[in-house]
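Per-chain residue numbering starts at 1, and chain names A, B, C and D are given in the order in which the chains are listed.
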């Protein structure tokens, strides 16, 4: 416990970036947030005021040059530059915690992985983590642990949904423009969970998806939808169904169920903001967390602390960076399937096969 | 209330048939169960003992000839003869309550519909109902009523599952042989609900399904699976995801959620056998209904009573027989998609289109 | 099953009387409701219309004289004449199902018991049951069975509440006038449950109660309150806490918990009218049964059927009539304690002891 | 945010003391834990290892003399010296966060209050807080806020319980010896909540309590019980029922309900350790927090942070120290009532009246 603190910088101070900054500054005892970077002066002003003693930068390269003591970078800039920012830090031998997704392009996300593998040769203790916050949530971890103990037998059917409360401001629609689409922005969490619970080495067999524009027809302009369903099939008898939505009424409803041969683990099937129930003339009700952060704040704080511990103590990362690339590949395939209306099949080597080929052969 | 009672006969005294018999005999005040028919003498012996004053028959045609006062027949024989038994009764002008599915073949189930339409010319007040018991369940009805009141806006995304408790005796696998498959035997209920909540006139756009044999590899012999997932897409922005399983651990878990543009209705997301919770050293638990009948007994009784009322008072049936045919068509398409691995697309006239044609054209 | 049906008459056709009438007429296969009696001609008109073939009487004695084939009487007249009506039927050797409470006076309720014991000499198979409907509720029965199986060890602490939805019409306040008070009218159910779960032979040690008039100050005119709390202590390490209220917002909230040395059984701690949950912008809610009958309808029907079976088959009653007298004694003591502000102590023979005597001696 | 940090010392490093130490050291950004004191060398060794840079003391007076920069003391020593330790710090003008209860004697707890009032003359910004952690729990705070907004009308009936999981080691029985008794050790939290929700100025009217020794007869040696029920009556139509237990099976079950004239707020009526539900052959279950800390950890951390903010920014304390004395008075009266078997009445000035006097006069 008497080791020196991990020196961390953050690039990007938007919605999640500012939260990461507060977590690393106040709630990560073994980390010291030394610098932040944002192209937005008002965000830097916020940082100066809220993060005592912080150094601020408008330019990322400038920060990397100046902060010569830096040990780790948290990348929470816009998704379009995640990979670029991550790679620059990786090439300097810095530890990196990069917000999800690594990129909205498979190639770009693979380039992060390649950069990391290359850098590992010189910096064998270097850590690069993609920020799948649910991996740090106590309920999911409890479920995973029970799965490992054999409580439900062999996990076989997975159901998961990421559903946001309707945002009447229209911001979420605008944001959709560069998000990579609803499967890449929303379901990637569920896909990551499927890989966790089914095993990181699960081999994709097929994806199929449909989507609608129930409340925001204008979202079709961005080749996206506001509600979508998907099926993901893995070789070896493992299937998953996904639901993503931008229009829940009660709040953030992120629910997951893992059905095994001997039992089921269900996470958040009764969403609730806390332990209060309200009895009034309309019945008995619970309120629901209004957004992702209200649901997963503790997980983000755990993520900051565990990332810090992994870097300082050179311990094993909770999950491999490869998973993040794999999750993106599946998400992009689902997005494509939703838009083309075609099911996409894969052979056991990960190559696409013409629709139906595999199966015709088999029957 | 002083009208004479509806004279009812039942054909088939298996698991559901004997229950129907008890419902009509004891718990349907306006009906009088006068005769039962089964090729199985021990089932008839049970009827003689349990159903005071009942007349029993080994042969269906014999019963129809003898029971000249008969007004209605409940068909709960084996699925393979549902249609034949229903058509014979229809042609005699009798009211019919036929267990689901009408058949495991589209053509055969359509022949029931045709027979009914033909008979209606001579017997305009004749009623033919397919026994989708969930339509009579108080929770589903409450949900439907609230939907009609506009509580959740426009229904857009539907999720439903029919999941049976693992049957360690292997009976359910043997039964699978003539059941038409898991989508026809299980999910047909969910499909029927989708048609109810989305509107009976919803037009099918596509189906896609996958399945696995998690616990009973031998089921593949019957071209079936023990767990399956499906997506059903309707024209007009309505999508549905289905899950059917033969292996839940806790009990019967039939859950449905209807997400609309302004809210969601969730039925049985917390399955429970009654209002008891048990606190012990493992936590707090609820037990779950062990099978379908324990969950839906009241619905079956309501079904018997409402069918009787419709027949006696010549009131509107709760839903058209066409729905049962439509549900079967969708179920069979899902079963096919699961087995072939191909998504199946339909045009707005209900004709299949070659996979991807519609969509290539559109893009 | 082929035995003749039990010939039943009902006296009193108010709220519960008319429901009993429908249950015995339509939903109790082994009973035949032959006659009803009410001083209210409009209630008799309702009966003639709703209960096909029923004979109606304005005068109870007249009915008893005329209906010479009668085997059983259901007493659901006004509480003030429960005992009188029950005793008259008992003395004729008829089976009796009497609504709770037997009376609002201990002496009067004991007189029913005495009449029954006397009549038993001549009619050893005669049955007299007090209508504690919760004894027939599936959730309570499940709890009791699990208690008997030893699931929670030795039952030690009991908590139970009977809470009615606020009645804005003021009817419930007027009704309070002759109800015997909130402990006699409401908590008697909870007391009966305590006797059931702790054992019918439990010996009362003390009662203590407080009450308030939160919404209906005018109720104090009738020596009553609209909310009250009580503690009941039994010899042998068994204690109970009670809550009764006339003002819940969401609906009928009748909740019971039995804590044993190894576990707890909790009934209806999450009240709900059915299995539907509604998600809207205020959160996720369940509606609650609006009144006692909506919660316990099935229990009343089971009560009618089991009473009928006991009478016809001469089987053991589900619980002794003595329990009803004992429950009334406790309820009246609580009501007195609430009004006087004094705790009331009892010795092991059931005699009151001056407050504190027992305990001073003990210390 | 750029103000210097609050310099804090902790006396007592037992179960809660060590947790407080970790909270102030790691999770209270505006505080700096500078010293700890314990008579137990192994606890100090733990501190040296776990709390980087901490100074340790075996003697409290020594610490107070040496730590001349100290601004605040957290008292989490044994209950018997809470008051002594608090008073010493108060007299030095230090801010104090004292674990509950201030003492197990009314006089001693009042002496803390007197010392504080006296010290305030010289140190008008001095803060003394009694650690009622539930006041900092998000669910209770949400409930309180909704109460303030008028959501449930006038709060009238309060129910609350503090129930610990059975401790098979017997430690909790030994601990009982100096705890002041189950009402003082357990229910004081519920009493504090009652004062919060009913208003700090509520005037006690009567208490009545009963207790049993269901699992630990030996606890009677310490004039205590392992399960107890109490009723607390306040002037002005406010009543409360309490339950405390040392023997729950599933875990910590601290539940509170506040019934108002228009609604009810229910906190933790469905205890759960997290959002996971486990489906297995015994049903569907949630695990329950095994102890108080697992349930209220976040509240303790919030307490540390808010206490720190109050001290640094001289803002209003969340509740007055008087409440802690008042809660103790009520708890001790309940404990006495449980042991003597006598109800205890109070007049509006807080003086005891002979049992029944007030009420005899009134009738």
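Simple rule for what comes next: a residue touches a chain if its C-beta (ideal position, glycine included) is under 8 Å from a C-beta of that chain, and two chains touch if they have at least 3 such contacts.
Just so we're on the same page, UniProt names per chain: A, B, C, D = Gfo/Idh/MocA-like oxidoreductase N-terminal domain-containing protein.
Just so we're clear, the structure is a prediction, and the values are computed from it rather than from any experiment.
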Contact-graph distance - origin chain B, target chain C: 1
Result of counting contacting C-beta pairs for A-D and B-D, higher pair: A-D
Centroid distance [mean C-alpha coordinates] between chain D and chain A, Å: 40
Centre-to-centre distance between chain D and chain B (centres being mean Cα positions), rounded to whole Å: 57
Residues within chain C bordering two or more other chains: 152, 248-250, 262-264, 269-270, 273, 278-281, 284, 287
Residues of chain C touching chain D in the complex: 152, 154, 156-157, 159, 206, 208-215, 227-231, 233, 237-241, 243, 245, 247-250, 259, 261-264, 269-270, 339-343, 345, 355-356, 358-360, 362-363
Chain B to chain C touching residues, read off their complex: 1-2, 25-27, 29, 49-50, 52, 138-139, 142-143, 146, 151-152, 262-270, 273-281, 284, 287
Of chain B, residues touching chain D in the complex: 248-251, 253, 270-273, 278-288
